[in-house]
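Please read the structure below before turning to the comments.
Labels run A, B and C following the written order; every chain starts at residue 1.
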Amino acid sequence: MSQSRSVSGTVLSTHLGLVYAFLYVPILVLILLSFNKSGLPTAWGGVSLKWYVALAHNSAILSAALNTLIVALSATFIACVLGTFLALGIELRRKGNDKGQVVDTLLMAPMIIPDIVLAIALLSFFNLLKVGLGLHSIIISHAVFNIAFVCAVVRTRLKHFDYSILEASIDLGASWATTFRRVLLPAIFPGVLAGGLLSFTLSVDEFIIAFFNSGSGQASTTLPMQIYAMIRFGVTPEINALATLVMLVSITALLASQRLNKAPRTHE
Amino acid sequence: MRKLKGLMCLGLSVSLAIASQAASAKDMVISIWDGYMAPDALDKFKAASGVDIDKALHATNEEIMGKLMASGGEGYDVVFVSSPFAEVLHKQGLLADIDPVKVPNLKNLYPEATQLEYDPGNHFSVPYTWGTTGICYRSDKVTPAPTSWNELLNPSDALKGKVTMLATDRWMLGAAFLAKGWSVNDNDASHVAAVRDQLIATKKRILAFDDTTFYSKLASGESLMAHAWDGWCNYGTQANAAIKFVVPKEGSDLWVDTMVVLKSSKHQEEAFKFLNFMLAKENHVWVAENILYKIPNQAAMAGLSADLLKQYPNLTIAPSELLKMEQLRDLGGTTQKAYTRAVTEIMAAQN
Amino acid sequence: MPRHARKPPLFRGGRIWVMSALHADRRLSAWLLAPGFGWLLIFLVVPCILVLVYSFVERGAYGGIDWLFTWENYQRAFDPLYLGILLKSAKIAGLATLFAVLIGYPAAYAIARAPRRHQAVFLFLVMLPFWSNYLIRTYAWIVLLNREGLINRMLQLFGYSGEPISLLYTEASVVLGLVYNYIPFVILAIFSSLSRINNELWDASKDLGASGWMTFRRIILPLSVPGVAAGAVFVFVLSIGNFITADLLGGKQVQMVGNLIYSQFLTARDWPFGAALSFFLIAIMLILLFVQALVARRAEGGRA
């Protein structure tokens, strides 16, 4: 019994390893190119840090990167909160009948709408209401589709969920808030985390909605907008340098948080 | 529950506060292609005039047009767009009139640059760069040198799969129009259909449609011939001296990138100062020397070094030659829709 | 008897529904729904109604809007050219979805079976490459795939001496690009539903005599269907509207719905027609999603 477990375990681990390899091969190319002196993807000119130096002086890229971070974090925060509540609300209203398909489908709508349509729709809307554009309008726009993604992911966690444990908690005298915080949230946390990661990733890379709904000017330019504009003359390796640094910082943060979280949890 | 709601609201307002803090504190906003002006130009302008400019970027004409039309031009003061788009903005009443008194450096322009068909007298636009389109090729691998658009559209067996064409509708279709002796502003439906059929056949024999990396493909040898704008071909020459540019015998188009001022701008005075600054000889010459494009600035072009002109011969194409080419104009709704449909059909055709 | 007495579980179609008083508390669910729905109503529904209105009017002479009612846009949308593009996009998106799910499921499963404290790390590592920027990742693929690229060079290293293989500018390269960029979403979605399945369930099933495969097929797989369905929808939806991958990896020779809608809005500046095409696409997608939701619910049935 345990033998078959470990065989399948090895197969799974190998598969996961291969998937990571698939994911990271282009990243390695990207990192390598950030050190390429010649700057052309087709010709290797030797190792050089000049692109990193150029990046440090390129305030446009750096401010765009910061803006992207602000936008992505804010939109993810809004989406996680609203999306999770939405998912909870929908799931609590389900009575096991089949009418839920319509709601299921409608909640997917924000994802299906082509991004250019959403971009122009929101710009026209903001224009109609004479709302000024800026990073805030990008955040609002991103939150729209992010809510749908978070809601969908959290719902996968809520199906077949045993709500009676919440009842039990209340029977034992806990308030709603405590029940939510101590019982429900930890149970659905992997779903919220997954949804949040997904939403963050979508925002960080989203270009067209950001372009149309940004204010005009450097202060509301996000990184995808900046990079997309740069492709007219070819992407210089400064962007590769930035991407490498982003990943370096993220990995460092990850390792640091793992160190801090070493104590095993008492409840799983 | 209340505490949680409170926390939520706090988080929300904090994030919105951070975001709206990004309100622009600058005097004026321009939108331009990346790398299209000197990196220190805005600092120099600020030092000279005290006006702080915020630079926004756009990748293509179509995107900035979409944004301008959806917002009525709000938020921008000066925008860099190609001439057919300047025409459209003007027809929609979104552009301010250029006051020649406030832009005295207009005198630096070639006389030909003041009588361009889409805006004779430069009433709503100021030309910034101009040039033509042609064939960019590896002279060491392609002999004899190409002379006709047909060599691009119907590549020989030796060149099959080693040719790229421009992807933007006006130029993609333009090459085929010119090959058949028609106009680049052609609006005859049967001509458009013929051109579409030609390009569907072309698609089977080329490597790709490429607007941005075609010169590096030439430099690396992945392609041997490319449909290219003259300035872009110079980047190829920069990377590999064997790359040369030729204007086919059937003729070509004259494209112009312009600067326009929006009527909704609240800083028109500063905008004119900026236009004037960009037209000054010492500022405008940066474009020719660094972006390797021709500029319509007579005073500046006169100051180019002979070495530069020798290395990039297409910089020496005289304005009188350029004016012999057909100027790209706005086509109007029906024809533009027909062009877009033709391009869609070409792109969707099975290889 | 306590206020929230547990009601006996209901049997419905072979499935056990544990109803709780929470389900009956409509005020609670209303409060939960309000903010999300409110946001979507204001910032999604209203703007989209605006664009829907555009689809029923005419394009202005220079690309704006002429407020004259017309059915013409929808009539034009029913053109074989556009339907053909829609089908091709669906095919490419479908292939991308299939591969993404096939590759992503075992990966998500492996992560879900890993110790809890490592799961977050694995997930972050899955998402990390996608914080680099879509364009440069795609350019990195071009570097790998093109004729002078690394893959061809590797082949030559291993003795291959023919013409360099053209790996780029084909439908296959577009599918590859789509799978690459969207596989993390599949992994996340499937992980989300798999992670509920704890080891006790595995062990209990084994103790009862089921083999690993049977446990998987009868218990794990049905429980993971919501995640698979969600992940598949994500990839399909994101792929079908994608235009950058088709442009860069397809050499603009693969025309997808995303490119089509872009060209209508931006190049032709024909917002009414672009809007009509978009809503046509949205309607089809909603129908497909509805069917998918039906199928997913059946599959969740857990019928032995």
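Keep in mind that, in the parts below, contacts are C-beta pairs under 8 Å (C-beta built on N, C-alpha and C of every residue); 3 or more make two chains touch, one makes a residue touch a chain.
As the structure is a prediction and not an experimental result, all values here were calculated from the model.
Under the stated contact rule, the graph of chain-to-chain touches is complete, every pair of chains being in contact.
Using the mean of the Cα atoms as each chain's centre, the chain most removed from chain C is B. For the interfaces A-B and B-C, the C-beta contact count is higher for A-B. Computed from the mean C-alpha positions, the centre of chain A lies at a distance of 14 Å from the centre of chain C. Measuring from the averaged C-alpha position of chain B to that of chain C gives a distance of 36 Å.
The residues of chain C that reach two or more other chains are 142, 148, 265-266, listed in rising order. Multi-chain contact residues of chain A (touching two or more other chains) are listed as 41-42, 78, 81, 120, 124, 228, 231. Residue positions of chain B with contacts to 2 or more other chains are 60, 63, 66, 213, 220. Interface residues of chain C facing chain B in the complex, by the touch rule stated above, are 59-64, 81, 84-85, 88, 142, 146-148, 166, 168-169, 251-255, 259-260, 263-270, 273. Touching chain B in their complex are the following residues of chain A: 40-43, 60, 67, 70-71, 73-74, 77-78, 81, 120, 123-124, 127, 132-136, 138-139, 175-177, 180-181, 211-212, 215-221, 225-226, 228-234.
On chain C, the positions that touch chain A within their shared complex are 2-4, 6, 10, 12, 15, 17-23, 25-26, 28-33, 35-37, 39-40, 43-44, 46-48, 50-51, 103-104, 106-107, 109-111, 113, 116-117, 119-137, 139-144, 148, 150, 180, 183-185, 187-189, 191-193, 195-196, 198, 206, 211-212, 223, 226-227, 230, 233-234, 237-238, 241, 257-258, 261-262, 265-266, 271, 274-275, 278, 281-282, 285-286, 289-290, 293-294, 297, 300.
On the chain A side of its complex with chain C, the touching residues are 1, 4-5, 8-9, 12-13, 15-16, 19-20, 22-27, 29-30, 33, 41-42, 78, 81-83, 85-86, 88-90, 92-96, 98, 100-102, 104-106, 108-118, 120-122, 124-125, 128, 140-141, 143-144, 147-149, 151-157, 159-164, 166-167, 170-171, 190-191, 193-195, 197-198, 200-201, 204-205, 207, 223-224, 227-228, 231, 235, 239-240, 243, 246-247, 250-251, 254, 258, 261, 264-265, 268. Across the complex, chain C is touched by residues 60, 62-63, 65-66, 69, 88, 91-92, 161, 167, 169, 203, 207-210, 213, 220-222, 330, 332-333, 336-337, 339-341, 343-345, 347-348, 351 of chain B.
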